[in-house]
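So, here's a batch of structures to check.
Here subunit A shows up in two complexes: once beside subunit B, once beside subunit C.
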Partner chain A sequence: MRVTLNATCITREKWSLSAHGRFTEGIHLVSGDIGSGKTTLALILAGLLQPSAGTVDREHVSSLMVSFQFPEYHVTGSTVMDECTSWGIDPSATVKAANLSGKEDLSPLRLSRGELKRLHLACVMARDYDLLVLDEPFSSLDCREKERYCADISRRTKGITVIFTHEQMIFPRVDFIWEISGGVLHCRGRVPEALAGWEHAPQLVKQLLARGKIPHNITPADLLEAACRT
Partner chain B sequence: MQDIRLRTGTAVLLCISAFISIPGAAAACIWWIVFTGRFSRAQIRVIIPVAAMIAFFSIVLALTGGDGVSYFIRMMVIILIGFWMYAEQKSGEFLKLGVWLMGNHVGFELGMLADMGLQTMHLLVSDFNQIRIAETLKGIRPGWKTLVPAGFVLVNGALSRAENTAELMAVRGYRDGGMLCPEFTTPGRDILSSLSALCVLIIAFIPVSEFFILYR
Partner chain C sequence: MISIRYLRHQVLDIGSLDILPGITSIIGPNGSGKTTLLKICAGITEPDAGTVLVDDLPPRKTEIGWVNEFPDRNILFDTVVDEIASPLRFQRIPCREISDRVDSHLEFMGIMPLRDRGMRELSGGEKILVALAASLIHHPQVLVLDEYDSHLDETRAMEIDHLVRKSGVPYVIRCTQQMESATRGDRLIWLENGRAGYNGSPREVFAALSGTPFYPLSLRCGI
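This part shows the complex of A and B:
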């Protein structure tokens, strides 16, 4: 199971993005500044946008899902229960997972952005996909929800999970780090070796590396362990 | 057309011409072919359902004793002119036009409203495309049934954006009106096409038989 970007390039007026590389099974983190092309690359990976040049090969990928940054776009149900059903999942369990008990009959659009994001992510995580692309999954979530959701992502052991984010505080366990810099997608390699070359690394990670304390991964627990290491 | 004043005036003349009579609609259609006459693939995707809707109302009109064919032809030409106007529009042009027409108070307000409306239209199109993708990912085939929830999302999003914009403007101290010195570029081709639109209006008003009388 893998997704290969073969000299892929997308151009819009004065802006362009080039990407070449292979996404294998595991959790991939793609970081980059706002406007660097993370969402565009997410759509290309999922086959929802055709690149201007190059090709995208998805091998043995039979199911895929993209989670957009704005959860409103995914809403097709008139109530929270209907919305869960539209994903083909058990509504009761999903509502409970999203901490929305008692709001089953509300319109999803009546929920706050944070609640809707929680509902959407619970729906996405309720099923297994060969390729799961998450575009800014941590936006609109508070720290506690980010940690809870990161733990959910970290438990994914099958398939390819690609997370596009500019989050700087709370991360799930990741296997590979990529970043978009200067209009080019760079593969920094496997964690923890990749941390040294990660330009968009959070300040905490940079400080730990400067002190020679290399964290095993970038989850809050791993960073805490590295910081407390003597 | 680069000059928003001439473009808007031309569009108004052509729409009036097309609405008045079939010869006017035919002349406006010829004007559209000569001076624009191009569609993007995205526009064709929008025009087809619009044409289908007008065809439906035309059939209803014909069945109730009206001239459905005439209605269909005239409305389709107006739609073509509308699409041309929308495709040519650039951000900030209505604001310039408003100030040029009615000054820095009422003109500024109306121009800004028109520009914001147009910006909302662009965002709605973008939102709708995202919703279609999300439906496809869920395995839902886009159809009439999916239009209602999509409509709710679009209206909800538009109202929410409008509210946010209004609050932001109030926080920044906006009350009414503003200062703007609009500048326009008027190439010769714009003047030529505007004069041609005027001829279209004349054709719409003068019965076709009058032309043949002149020939005799």
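This part shows the complex of A and C:
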């Protein structure tokens, strides 16, 4: 199972993004500045946008899900229960997974932003997909929910998960680090070796590396372990 | 001072809360009432009961700047330049003055390259920058930022913190889920189940939150 970007390029007037590389099974984190093309790349990976040049090959990918950063655009149900049902999943289990018990009959658009994101992510995570593309999945979640959701993602042992995020502190276990820099997608490699070359690394990771403390991964527990290491 | 008295609205139940000039961050779990409180402070929502006064004036009689996490909901115009000019146009300021102010403001915000871009072409983070520029251009008394930083990288978030401080807005009230960002404000309010649990300096409030997921990871790591 893999997704290969073959000399993929997308161009808009003065802006362009070039991407060449292979996403294999595991959890991939893609970072980059505002406007660097993270969402554009997410659309290309998901097959929702045709690149201006090059090709995208999805081998042995039979199921795909993409989650965008603004969950209100995904809403189709008039209640929380209807919304879950519309995904073809067990609504009761999903409401419970989203910690929204007691709010089953509310309109999803009456939920707080974080609650709506939780509902959306619970729907996304209710099934296994060969390719799961998550664009800013942690925005709006409070710290407790970020940690819970990161633990869920970390448990994904099959398939390809690609996370595009600006998050700076709370991450799931990640296998590969990518970043968009200078209009080009770069693969920094496998974690933890990739951390040294990660330009967009969170300040905390950079500070740990500067002290010679290389975390095994970038979960809060890994960063804490590295910080406490003597 | 922004004084909040006997406020009751939806989940909110705040007896007395004072917000001093400077940058005040509001943090708390999802559904604790952060956005509701910000909307009331911005005058977008009238509370069911209680009062909010900004230097003795209700929010609706005060100049307010507002940026939320979903800038698409606030976009009125097609291009960046028109969007940023809109608060001045609504005030019927002469066109030449508007043009000059918009250009100098684009420079101040560091987003001149976006000037003639279409709003719908912008990334989520760029939209936030434009929304922030539009909210600051009319020199508000209160700037309300509702999780505006959730689509910003850390470097850009710190740059914006600097710009916001440099803008000289007397009151900045923001809610955030980035705890490291909250450490950079002047004051911090912890909201839980609609009540203001802690109110003080970031150091004081985070000390009270030690041992919870809301305690900044950098502090947990001793960095």
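FYI, the second predicted complex is superposed on the first by the 230 of 230 C-alpha atoms of A that agree within 3 Å, B and C clash if a C-alpha of one lies under 4 Å from a C-alpha of the other, contacts with A are read in each partner's own complex, and residues count from 1 in each chain.
Criterion: a residue touches a chain if its C-beta (ideal position, glycine included) is under 8 Å from a C-beta of that chain, and two chains touch if they have at least 3 such contacts.
Since the structure is predicted, the reported quantities are computational estimates derived from the model, not experimental observations.
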item	value
Subunit A as common anchor, with subunit B and subunit C clashing or fitting	clash
Partner chain in contact with A:143 - subunit B first, subunit C second, else both or neither	second
Subunit B versus subunit C as contact partner of A:179, first or second or both or neither	neither
First, second, both or neither for A:48, with subunit B first and subunit C second	first
Touched partner set for A:65, first subunit B, second subunit C, both or neither	first
First (subunit B), second (subunit C), both or neither touched by A:222	neither
First (subunit B), second (subunit C), both or neither touched by A:86	first
Partner chain(s) touched by A:75 [first = subunit B, second = subunit C, both, neither]	first
Subunit A residues touched - subunit C or subunit B, whichever exceeds	C
Common interface positions of subunit A, toward subunit B and toward subunit C	70, 72
In the complex, subunit A residues that touch subunit B	43, 48, 64-66, 68, 70, 72-78, 86-88, 107, 109
Of subunit C, residues touching subunit A in the complex	28-31, 35, 69-70, 72, 121-126, 129, 147, 150-156, 177-180, 212-214, 216-218, 220-223
Subunit C partner contacts - residues on subunit A that touch it in the complex	12, 31-39, 69-70, 72, 111-115, 117-118, 136, 138-147, 166, 168-170, 200, 202-204, 207-208, 220, 223-224, 226-228
Subunit A-facing residues of subunit B, complex	127, 130-131, 133-135, 137-140, 146, 149-150, 152-153, 156-157
